[in-house]
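Sending over a structure as structure tokens; questions will come in a sec.
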């Protein structure tokens, strides 16, 4: 299954990409997405453990499966608004 | 020693007076002022225990002596600003 | 800065007056005239103060807040006279480098103002009656060291 | 009400928008661009958001605040783009019948906004360098149930 992962802030700057296309096997979990991003973009590795993920605008932990019908996966550093 | 006690809010309305002239003996305490106000203005008696006193703009408890050089004594109900 | 005034309170100007580039946080509190109190309808409030002592107490509150927290400007304004529904009776604005301090100081200032600063409100109820609001203040016990012997 | 905007935040209008005669208390919080951070001088901040998710999280915050406290109107505005020293980056206004609730809800909303809503700031330091601000967020541990095996 093909997914585009949107990157924000420093994650986007390090990867030099606004989105990364990934081919996810069925049953893939968020942790797998994290690992694949590190492989695809080695520049992300220093911050990889701290990156946060969201599926369809909801935070998702490493153990959560990526639903086949997910329409948007996002990856970003800890937030710093306010 | 003669003192004028300023009254505020409901205390003033009940006594129907903005100030009460009192002759205080030397060594008189705030509690004595409270008692004398009740004698002078019986209408104050229902609220007398709850009335607060200030000497020269500082709160003063019943046990505090009234200084001979006090320039202003005030008496008023619990505050309700804000 | 603290002030008693008979004019409407300009909360925007008060907020602007405490903003500064060394303070990343501003907290503004407004107290406004509420329509319903304990099920009764208010049409207006009359505020009265003991002005000289109110100023003294407000200055103490400012000093106490500065002793507790790192603060920039503080602005407290209390309105006096006749206030209609929705009018602002009191405004407290505090700036601080840190938001926690700004919130805590703002809360401290309004909480203490309400129990210590000699200002009183009189309710003008919709049924035509009036009534002074005189809560059993915490000051009562705090300030009276002796029990006063009274006949009721 | 919550909004992301690239325009300057009008705190006076925001405060007015939550005032009501059934709410005697209004608390406004403003976050502004501070000049000095940990001894370094800032000349500007750039704010970026993941807008759709930020809106979702802000809506959740509003709902959570309403579940915890009796509140009137809530207004939250976060600015995006380039902000200069002293500019307002975020404003939270809350009205309530009671001041305790207004303070607690205001503090809750800004505290939670800062750890949950996907917005990021980039420092533009006076020395010409830039730097994303990415605190070790509490979300990191909260949302990652598994330890991710990584090679560093």
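Order of writing sets the chain letters: A, B, C and D. Residues in each chain are counted from 1.
FYI, a contact is a pair of C-beta atoms (placed from the backbone, for glycine too) under 8 Å apart; a residue touches a chain by one contact, two chains touch by 3 or more.
Predicted model only: the values in this text are computed from it and were never measured.
Student: Among the chains here, which has the CA centroid at the largest distance from chain D's centroid?
Tutor: It is B whose centre lies farthest from that of chain D.
Student: Using the average of all C-alpha atoms in each chain as its centre, how far is it in Å between chain B and chain C?
Tutor: 24
Student: Any idea how many Å lie between the Cα centroids of chain C and chain D?
Tutor: 27
Student: Hey, how far is the Cα centre of chain B from the one of chain D, in Å?
Tutor: About 50 Å separates the centre of chain B from that of chain D.
Student: In chain C, what residues contact two or more other chains?
Tutor: Residue numbers touching two or more other chains: 31, 110.
Student: What residues in chain A touch two or more of the other chains?
Tutor: none
Student: Which chains touch which?
Tutor: A-D, B-C, C-D
Student: Note which residues of chain C are touching chain B in the complex, please.
Tutor: It comes out as residues 31, 47-50, 52-54, 56-57, 78, 89-90, 110, 113-122, 132-137, 139-140, 142-152.
Student: Touching chain C in the complex: which residues of chain B?
Tutor: Its residues touching chain C are 6, 8-10, 13, 29, 31, 34-35, 38, 45-50, 52-54, 57-64, 72, 74, 76-82.
Student: For the complex, which residues does chain D have touching chain C?
Tutor: Per the touch definition, chain D meets chain C at residues 11-12, 15, 19-36, 85-86, 97, 99, 102-103, 106-107, 110.
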